[in-house]
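As structure tokens, here come the structures.
You will see chain A twice below: alongside chain B first, and alongside chain C after that.
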Partner chain A sequence: MIRLQIFMLLGFCILSFSFTFPVNAHEFRLRANHIFWKNQEAGTEKEIDFGRGVAAKILGKYPIFKDEEKVNYVSQIGTGISAQLGRPELRYYFGILDTEDINAYAAPGGYIFVTTGALKLMRNEAQLAGVLAHELAHIDQKHIVKQLNLQSSDRSLTSGIAQILGGATLSAKIALERLNDLAFKMLMEEGLSKKDEADADQKALEMLISTGYDPQSYLDYLLSLKPHLEQGQAKVLSKTHPTIDTRIKLLSEFISRHELDLIHGKKNEKRFKQFMASL
Partner chain B sequence: MVRKMKKDLSNLWLPFNVLLIIICITPSGLHADDAHYKNMLIGERAATMGGSYVAVSDDSTGCYYNPGGIAYAVGDSLSGSGNVMHQMKTVYHQAIGTKDWVRDSEALVPNYFSVLKKFKSYSFCFSYVVPEAFIEHQDLVFENPLSTVKKYYQSLHSEDITYLMGPSAAMSLGEDISIGLTLYYHYRSFMRQQHYFLESTDGSYQVFYESKKQREDGLMPKIGAQWSPLNLFTFGVALDQTILFNAPYQGDLSYHSTDNSTGTVSLSTTMNRTKTELKRNMPLHIVFGAAYFPTPSQLYTVDIDYYQAQEKGRADVINYSGGTEYYINPTNAVRLGLFTNYTNLPQADSSTTSPYEYIDIYGVSFGYTSYSSSSSLTFGTIYTSGTGQAWLYEGLTESRKMTRDSLTFLFSASSNL
Partner chain C sequence: MLLLSRFDSKLLRKKYYIYFTAVIVLLPCTFTAVVFAKEMTGYIKGLGSSLREQPKISSKVLTKLSRGTEVLSKETKGLWQKVEVGENQGWVMRGQISDVPVGVKKSILSQKIRLQSSSGKRVRLRTFTAVVGVRGLVDKKGQKISPYKTDYMALEWLEKQPTDEENSVQFVTFVE
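What follows is the complex of A and B.
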């Protein structure tokens, strides 16, 4: 009993002593998994910061469409599809750009826009879902981040985007601004690689099937784009994407190879027209 | 108390001198194995590094190994581990004539659960630990094991489980030193029921039934500290001792026999109940450890555990353990450990009462952990083996070789909060 009292007294003295010492970080104790996941988190935060800057530039070029009902509808469809993606750390934002130019944009970190021109061309909800799924696939696969070489070459411990854009120094801010310009140029002029676009098209189909939408509708949308591209109503899309014939051909082959033409999902044409009637 | 009971039993068995050989091999004492202190390894990283963790302890497992280490935990966490299977096999060679006597025990016990919370520069933890768990069941039947014994049947069931549960707190005492305290409530539950029936070749019978049960309540304060005077190195020390408040014991025994040796049948019956309140004096345990963190992917650690005996018939013990951890990549890690588990009994001499076992045990552990952003899963295995001597019969001239092997499969999971 005396020993117990000594133990308790000693413990009380220790806990009563020094309430103000901070815990030393002891960085060397951090194991590989700690460092990796911390950098992943830091990388995601930087990706969102980076994407926010790109989104601001898109909104600087096109005015935002301020019909709350329509924006909410697009958001609901997009959010439903985003649940299929493997990046729960991202929060996705959907917006409508008030321009007759037919296109949709995805900025890193979860920012997605579709133009009123594209919405007017669509015939049903499955087509809208397909376009949003295509843009979500770009974000999910970090296509812009990879194309700008923001991905770390050494994936073992560090995240490249956090390395490049990390810190609050002036040079880091300049680097961020420079990368925003490059990403914006990529979206508006240069486009992503053919491989990334084909990849996004195929992933869009997979997401449509997973969410019960009609996959053929997405192909129908691409087919409906063709005459408008020829008439110059989608100038940015023409510049930044592979030719529509190439996309249609690749997607048709993919559908045929996997017998996706046998799947007939929902189109929700009536609901789509109800929301988009006044466009 | 134990010795007194053995003496009582010996008196009962004296008329049946030959049969003593069989009776004595039944397990005795009030503890499954209190001759060793490291029978179960706790935690996920710690257990798979041979229990060498006092200089690391920077997660919730540190509450058990070194509460000073939890000051350096990376974040809040919830951990749990269970022994998927713990099997132990003890073989007494040529114990029954030329036959071996084999004892098996099995346990499936969730042996660790903890929740750790960091609050500013303090760490708080609550943990539940099962450092000892033995469940043994035997059904033995021997036909003509000796020339004077026609049939011997024995049934035995024994459970001995120790639980520790309580809070921990840790804080930093400067840039390179941390200190912490754990206060465990110690609860132990022991029960053993044994029955045997023996038929002699002359037609005599013996029927024996014994029931023992005991519980222990106490406190185990543990104080620990960590010091990091050099970059990449840490040193740890922890001190603990269990102090028992009460240890009520009850033993019931009944023995019925007939004796045909004189040609006239005589019946003998004994029934007895024993109640005591004798408390064990638990050892003072001091452990020193060192760890080297050369890279984020590698870790080496060694511990020296010193147990100072506090009661007669026990010897001081020093156990050694060492382990290493290697991250194949940031989401997959493997671990290896080695450890000793020496007996705390002194070498047998002429004053030693049988049955008596003297066996040192050595162990190896291996584990694999898969990490995600918020959780980890660990699978591991621990193998121990030892060879020693057992004195099963009256007198110490007839020792038998004994071997003990155990295999544990463990599964642990932890999650960030």
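What follows is the complex of A and C.
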């Protein structure tokens, strides 16, 4: 009889626990998130340090374009999008590279660059917003970090960086420098995976729609790249990205799946031309 | 009498079996409850995200949600997420919701040192910038680690350019 009572008591406890758990789960999650964020914050700082190294190498290859008015324009477009859809814990930097090469780059931690060659090819603000959004997506999704496979023992990507690059010793700095080289090589020669590029293209469209820009303009920009890929002005881009036809095909599928072709957003052609007139 | 006691014993075992089954059934419920609770809560990560009446960009804006607002996710439709915020219910684009609370913005903070630049001007740089960017990182034998050039001075110029999130959000709302 006592056993029976124990079983009844046990059953009652589990029953009441199962009903109260969703309420307590919230508090439990907040605590878990607090611990998560403490690790995440350390990881984010390391990610920025890692990304700075990659960004410095990009600027070692291409000179920075020091026109404050034009940089401010690009930065306002990029920051306006990232403030709504980017990672809130990052401050994003948007720079212009003074080269006729047509390309854009994203280094982890929030560093985004677009070349003067690419800006000259663009026809409106929606195209610029699309290119910046594509690069923002690479940072948001941590594509480089994922491809370098910088995972920690808890499978977390950012704390993986913190674990690997956490020390202030010379060997830790050397490890950081070597990883910077790998990431730089990935941006300039090997490229990210086709899946990551398709993902960034799709996220870029989502960001454009979300901020009211014309999504079709981004596709128009990709199409305008085609002759330059053949001529070699976008040599690095053709080496590191899937073909334009593949990207257009995947984007078209995405557009029809979500019925996005019905949306016509703003292009802000005049404002774009006004800022980029003397480029 | 013996038959009755056997019957009682069987009944008791049956009861044990029922309780045991109840325990087995209810235990996964507790975990399921946690999973459902996790799927339901989200946080607005954008500045001034629009809560819309319908899952369409042309739909009426019910209210603006500030960064960090906790929302309850109801259902997903394409790129849209139906959420509940206080008494309001509406649609937000899925890219504007984070499943973890919004973190504090991280800035590049590090010890800065004074350094004489090639132009003779004294500049302040981060310690790592000064050591790696100007002298180049070398190993114990004095060999340079990386074959690639760096330009930390240009990077610091970029990092000094002013940005304002709220003004920028306003800037992208402009329509010709």
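In this section, the second predicted complex is superposed on the first by the 238 of 279 C-alpha atoms of A that agree within 3 Å, B and C clash if a C-alpha of one lies under 4 Å from a C-alpha of the other, contacts with A are read in each partner's own complex, and residues count from 1 in each chain.
Methods note: contacts are C-beta pairs under 8 Å (C-beta built on N, C-alpha and C of every residue); 3 or more make two chains touch, one makes a residue touch a chain.
Quick caveat: nothing in here was measured; it's all calculated off a predicted structure.
A.B. asks: Now for A:Leu225: first (chain B), second (chain C), both, or neither, which partner does it touch?
C.D. replies: neither
A.B. asks: Return first, second, both or neither, reflecting whether A:Ile112 touches chain B, chain C, both chains, or no partner chain.
C.D. replies: Touch status of A:Ile112: no partner.
A.B. asks: Mind telling me which of the two, chain B or chain C, contacts the most residues of chain A?
C.D. replies: Result: the larger residue contact count on chain A belongs to C.
A.B. asks: Please work out whether A:Asn72 is in contact with chain B alone, chain C alone, both, or neither, and reply first, second, both or neither.
C.D. replies: second
A.B. asks: Once chain A of both complexes is superposed, is A:Ser210 in touch with chain B (first), chain C (second), both, or neither?
C.D. replies: second
A.B. asks: Which chain A residues come up in both lists, the one for chain B and the one for chain C?
C.D. replies: On chain A, the overlap between the chain B and chain C contacts is residues 3-4, 7-8, 10-11, 14-15, 17-18, 21-22, 26, 28-30, 33, 36-37, 40-41.
A.B. asks: Can you list the chain A residues touching chain B in their complex?
C.D. replies: The touching residues are 1, 3-4, 7-8, 10-11, 14-15, 17-19, 21-24, 26, 28-37, 40-41, 156-157.
A.B. asks: Within the complex, which stretch of chain B touches chain A?
C.D. replies: So the residues of chain B touching chain A come out as 58, 71-72, 74, 121, 123, 169, 171-176, 178-179, 181, 183, 219, 221, 223, 228, 231-232, 234, 241, 243, 293, 296-297, 299, 325, 327, 329-331, 333, 371, 373, 376.
A.B. asks: Which chain A residues qualify as touching chain C in the complex?
C.D. replies: Listed in rising order, the residues of chain A that touch chain C are 3-4, 7-8, 10-11, 14-15, 17-18, 21-22, 25-26, 28-30, 33, 36-37, 40-41, 44-45, 48-49, 52-53, 55-57, 59-61, 63-64, 66, 68, 71-72, 75-81, 83-93, 95, 111, 129, 170, 173-174, 177-178, 180-181, 184, 203, 206-207, 209-213, 257-259, 263, 265-271.
A.B. asks: Quick one: in the complex, what on chain C touches chain A?
C.D. replies: The touching residues are 12, 15-16, 19-20, 22-23, 26-27, 29-30, 33-34, 36-38, 41, 45-49, 57, 67, 78-79, 93-96, 98, 100-108, 128, 132-133, 137, 139-140, 145-152, 154-155, 157-159, 161-176.
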